[in-house]
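The data blocks that follow each hold one structure.
What follows is a pair of complexes built around chain A, which joins chain B in one and chain C in the other.
Let's look at the complex of A and B:
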């Protein structure tokens, strides 16, 4: 099973339901765009960082969230400095940092299984539109099962093509991988139908 | 209502399996280490081949839905994006337009490939994949960057230009793969 990005804890955010947390994320994202004022947005960012601390995360976790976007933020700040002024630059980067860090915090404090349960609840009203929550759940569990299988097939093909001296050709890797993946579909579909799904 | 590539009204079990398989394939493509292009230092990942292949091989609806499914799993908190990234943070981050754009891109590629299916050749396949996988994808991705970075659309386009080289290579790979699979394992049949 693939491990989610969730980090265990017992804070208020850990205990809160996924649905309200996602709504809070949407609200924060909309809010920082509606108030284009850098001191306010900086305050929001500081609060988000405080929330990390309150949820029991150390500075290492916080820095790990910022690091992947640090370069991009530096470029965006420089671009704003060049086009406008430093206040505009500060607004752009604090806004992105606040949104991304809050969104990451939701992911860090919500179990994948709880997220899935919320998704199923959210899909239920869509049933009249032809969205079948059971089929969505089936598809999700299939993906989780297929990932290790396809990864194994990929490494088998890589070994086979290496023996032929084709290990540097992406095409010699991709085409057999797709064909074998598609062939798998026949067996899996038969197996599901044999169990009278649907 | 969901339709499949064969003009049938409902999703059959097999269609769901195809959708799940291509979502998983997209995740596996993210496991391949990125290749760094010489001089520019731009990282090229195999993952964005996923939407191109899904659209070109499964068609518009199944292809688009397989990427939607992949994105749902990422949103649920699984680290399936290349480099082990995942969760809401990356999805609504600076490159969010490109990530959400993948689903649209797969759908558009599928639509064009279905349209040209009976007379598909290298040129038609390459143009279809390039339109959906580059023109449409960059239009959405750059618009998103322009909004969050408060720059003009044109400036965002200039910024994204170095990544084009990798995507042109991927269009070529996806075109060859699409044509090879069409010969040996066709899944799209043009509805009359």
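Let's look at the complex of A and C:
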């Protein structure tokens, strides 16, 4: 789940500031799309995997990052194989894998609060234009926080509707989900206010 | 000291609270009543989440309707569902949320977080995703998020409703151990049985205001 990716540690990457890590992610993402050779991109991917090991993560964690996108990579490879050749297929999937793996590594080694603090700093120059960095940061943290909560609510509603024989009705799922989410939004707003955030 | 001076609250055409006059100085105050009786509205007036239609509320001589920000620093509020109260995805980040709003130095924030987590045996969960905590741990985290701000008053709005017996007992002990003045709205009559004073609210009015044994007995009769 998005909200729970950070794993405590004391590696160089864990200790590094969030800002430079995010910049490195942007640089890597841009860089791999500028390089047209699959062996070079494969080397980048291998380096990213080596960074996982240097950051104290075992193969289980590494495989857990690749597994959810394996079927997608397989489709991309197949399409490239059909339209071009196997080298093009390898180039596409190593690019995607390198970017996703590096992004996951940054998330695994950076606390959400540190990332949001960097974002707040980056947005500070926009204050005169009416941008409130603290509110932007709070909004992002709440998205991360409430994804699992809303997923749980959706699951409860699905079970309740299934028990009533309404498991095929999209309306029976969507309407209570929206109502409960709006009610939750009211309660969360109260809680935030009660915790002295203005 | 908390004072309600002839306070009424009206939503559209419906009177939710009517001419409430109260002075609350006890350390433990329980509020009970049927659903929709107005008890939650009564406590929401204490930190400005709700404003009175007429009359005024004073918390240590401050009016939450006018000095909401100041009052909220002294009146913590724990809601029924901790999922709606935990704002950040990681335990320590959520605890830091209110403290950052107080503009405390980082060292002080860290010290307070460690202290409160140790108090509720949550230190091992400091860097855990908050959504993976159990229901009881979430409620203790929600309570911690309030206590870490060092309020003078803590309002609990049905804090044990969603909990199993073990976690309910943990929360009861946590509340009992507090140094602060506690105001608890609850349907859980055992939770407030040892309090100093219990109010029974009925149709927006205070029907009974007495020691717990008397107030609870009267409430049982009313609900029979």
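One rule holds in what follows: the second predicted complex is superposed on the first by the 129 of 198 C-alpha atoms of A that agree within 3 Å, B and C clash if a C-alpha of one lies under 4 Å from a C-alpha of the other, contacts with A are read in each partner's own complex, and residues count from 1 in each chain.
Keep in mind that, in the parts below, a contact is a pair of C-beta atoms (placed from the backbone, for glycine too) under 8 Å apart; a residue touches a chain by one contact, two chains touch by 3 or more.
None of these values were measured; they are calculated from a predicted model.
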Which superposed partner A:122 touches (first chain B, second chain C, both, neither): neither
Partner chain in contact with A:8 - chain B first, chain C second, else both or neither: second
Partner, of chain C and chain B, that touches more residues belonging to chain A: B
Chain B versus chain C as contact partner of A:110, first or second or both or neither: first
Which of chain B and chain C A:92 touches, first, second, both or neither: first
Touched partner set for A:138, first chain B, second chain C, both or neither: both
Touching partner for A:193 - first (chain B), second (chain C), both, neither: both
First (chain B), second (chain C), both or neither touched by A:64: neither
On chain A, positions contacted by chain B and by chain C: 3-4, 6, 111-112, 138, 142, 144, 149, 184, 188, 192-193, 197-198
Footprint of chain A on chain B - complex, ascending: 1-2, 11-14, 16-25, 27-28, 31, 46, 49, 53, 57, 69-70, 72-73, 75-80, 85-94, 148-151, 155, 159, 173, 176-177, 180-181, 184-185, 187
Interfacial residue positions of chain A with respect to chain C in the complex: 1, 3-4, 6, 8, 111-113, 138, 141-142, 144-145, 148-149, 152, 184, 187-188, 190-198
Complex contacts: residues of chain C adjacent to chain A: 44, 47-49, 69, 72-73, 76-77, 79, 81, 83-90, 92-93, 96-98, 101-102, 127-132, 145-146, 149
Residue numbers on chain A that touch chain B, as the complex places them: 2-6, 22, 25, 29, 65, 68-69, 72, 75-76, 79-80, 83, 88, 91-92, 95-96, 99-101, 103-104, 106-108, 110-112, 115-116, 119, 129-131, 135-136, 138-140, 142-144, 146-147, 149-151, 154, 170-171, 174-175, 177-179, 181-186, 188-189, 192-193, 197-198
